[in-house]
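In what comes next, chain A is part of two complexes: it sits with chain B in the first one and with chain C in the second one.
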Partner chain A sequence: MSLKLKALLKSPWVFHLSTGSCNNCDIETLDCLTPRFDIERFGMLLTGSIKHADVLLITGSCNRMSVVRLKELYAQVPQPCLVVAIGTCAASRGIFKDSYNCPLPLDKIIPVDVYIPGCPPKPEAIIAGVVKLIEKVGSAK
Partner chain B sequence: MTREEVLLDFTSRFNEDILDFEDKSNIRAYVRIKPESIVKIGTYLFRNIGARFNIASASDLPNNTEILYHFIIEDINLLISLRVLLDKDKPEIESLGKEIEAFNWIEREMSELLGITFIGHPDPRRLLLSDDWPEGVYPLRQDYEEWDKTADRTRGV
Partner chain C sequence: MTFIYLVLFGFVATAVLGLITSWIDRKVTARVQYRVGPPFLQPFYDIVKLLGKETVIPAGASRGVFLVAPVIGLAGVIAASTLFWVNQFFSDGFMGDWIVAVYLLTVPSLSIILGGFASRNPLASIGASREMKLVIAYELPFILVALVPVINAHSIRLSEIINIQANGGVFAGSLSGILALIVAVLCVQAKLGLVPFDIPEAETEIVEGPLVDYSGPGLAIFRLMKNMLLFTLPFFLIILFFGGFRFSGLNILWTVLEYVGIVAIITVIRNTNPRVRIDQAMNFFWGPMTLLAIVAIILAAKGL
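Right, the complex of A and B next:
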């Protein structure tokens, strides 16, 4: 494992991006940060700036307006960066598969490391997904 | 004024403009009016009766393009929906946005999604669709066909 990746896993800072979700996944994501679920136990911290982020949490079905912003933000993330798709919309576009405004699924736009299905996924599921991601990356030599 | 007084005043005042009146329920009334008198009736409801403009909704019907303007009179708990039927080939109606600011954005949205022209609209730009959306393609019309050949309709990886 590279030193960069090892350092990243000790305290991954997450950046939360909604690409046109109904806000339910965003509420559940914010729930993870509250004391009840408290993902700071795993060293995760929500950052306000994409330039400080190690993990991108993406919700929503990637509509035409937000895809442009998503690409711009992804270009600014310091690499290595891990991408987590939260919710059915981000994972497979859900009911918006044939929508005129959602031309591409998220994983055809940027590479995705973890999918967390659910509409919305429970905070426990989000935490489990992110912890699995950390374990997976940590065990890869 | 009570509910009956408001409806009686409204129907007698605009007797010539009203094509169809349906007292749907205690809290709901549908009024089909002539498209050319929408500004007169809409501003009367908003300014004189004191109704709140809730929302407008449009849909592409088999023979017409329909717009519903929903006005709520909160004192008597009544929702009046003004229904206009427009020509499907050339949907045009006079804009209420030039009189009342609240109509501005919803008229922009209806014009971009369904291709309805609002004559005299103060700011006829797009509201929601992206900049690369082609002119003359209206996604909520019945005959909409996908124009973007790069779109992927699978579930992804």
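Right, the complex of A and C next:
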């Protein structure tokens, strides 16, 4: 494994983006930052600016209004960047599958690296998902 | 020989010690909040990772200034810390190097202001203008208290200040010295941009302020610069008030205690205070802090 990739996996800074979720997944995502779960153990930090991010955490069902913003933000991320879909809505649109307002699932808009299902997924599930992502990327190259 | 000072001490030693200090800072913060905290090598991984990322230059930004600003800041810190190391190990300073030290320690703040305005981002502009106000606020008391050791030592050379303290007791032992040290630690807090004076960066309102549009190597250099300042500024205080690092016998223990003590005070202040507004910070520095600094200078002039 190259030093560059190793450093990326040791300090993945996350950017949290909601594309019209019911906020439940967002609350569970923020739970990961609390002292009980403490993702800084893995070197993860929550960044406020998309320019500092290595991992995009995306929640919600990608409605028409937010798809434009999502594409705009994805174009601004400095590469290499990984995308995590959190919750059933982000993974497959969930109960909004036939909604007029959710034309496309997330993985048809931008490439997704890992899906974390659940409505909402537990913080443990989110951390397990991100750790699996790190293992997958680490063993692939 | 100059090259060795500049690269080996000014850059490598300062960077390694600064990154270790920033790990201590993050670990203590985590323990205060009942968390586990990051692993030891975390600051090193952060820098290496950022160096390997893509540089995104915002549309409409002033390209040249945007890219050069972090390098100017890093050069300032390297020059300042080289000056301190040289005075620490050899009495090779020159007449008036105290003035150069104070001047060089302002360069990092100026580079952040430059970078913020060059990136053409509204949040970065707000952050840069706040940084400018903060510099105006803390520089006055900082220069005043840094004058106290000069008055005590009757010399403006850093090596003289170190030598006099080595022979006749440290300045922090006198009344004027302890007053000056209190003011200096609070000014250093603002110089480092840590809570309660992290107004320019204010993560929760203007998302990292001047650094909002920096990515990849630019951000890495800015972070490295801040971590190196985290070592350089306590080092400057130790030279001014404790007579520099001493490496003979039991004195090593004292040196480590002084350094860790200053870093611990900075970290504890950072973890127990909320962020103040820019006008409150200005009132604080131009009011009580400047008064205390003037009192310290008068006491020092009377020889107390």
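Quick note on the criterion: the second predicted complex is superposed on the first by the 137 of 141 C-alpha atoms of A that agree within 3 Å, B and C clash if a C-alpha of one lies under 4 Å from a C-alpha of the other, contacts with A are read in each partner's own complex, and residues count from 1 in each chain.
Quick note on the criterion: contacts are C-beta pairs under 8 Å (C-beta built on N, C-alpha and C of every residue); 3 or more make two chains touch, one makes a residue touch a chain.
What you see is a predicted model; the values in this text were computed from it and never measured.
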item: Fit or clash - chain C, chain B, common chain A; value: fit
item: Chain A as apex of chain B and chain C, Cα-centre angle in degrees (nearest 10); value: 110
item: Touched partner set for A:V68, first chain B, second chain C, both or neither; value: first
item: Touching partner for A:K10 - first (chain B), second (chain C), both, neither; value: second
item: Nearest-approach distance, in Å, of chain C Cα atoms to those of chain B in the combined model; value: 25
item: Interfacial residue positions of chain A with respect to chain B in the complex; value: 63-65, 68, 91-93, 97-98, 100-101, 103-108, 112
item: Sites on chain C touched by chain A in the complex; value: 26, 30, 33-39, 41-42, 45-46, 48-49, 52-56, 203-204, 207-208, 211-216, 219
item: Residue ranges of chain A in contact with chain C within the complex; value: 3-4, 6-8, 10-11, 35, 38, 40-41, 43, 47-49, 51-52, 54, 76, 78-80
item: List of chain B residues in touch with chain A within their complex; value: 128-130, 132-133, 139, 144, 146, 148, 150-157
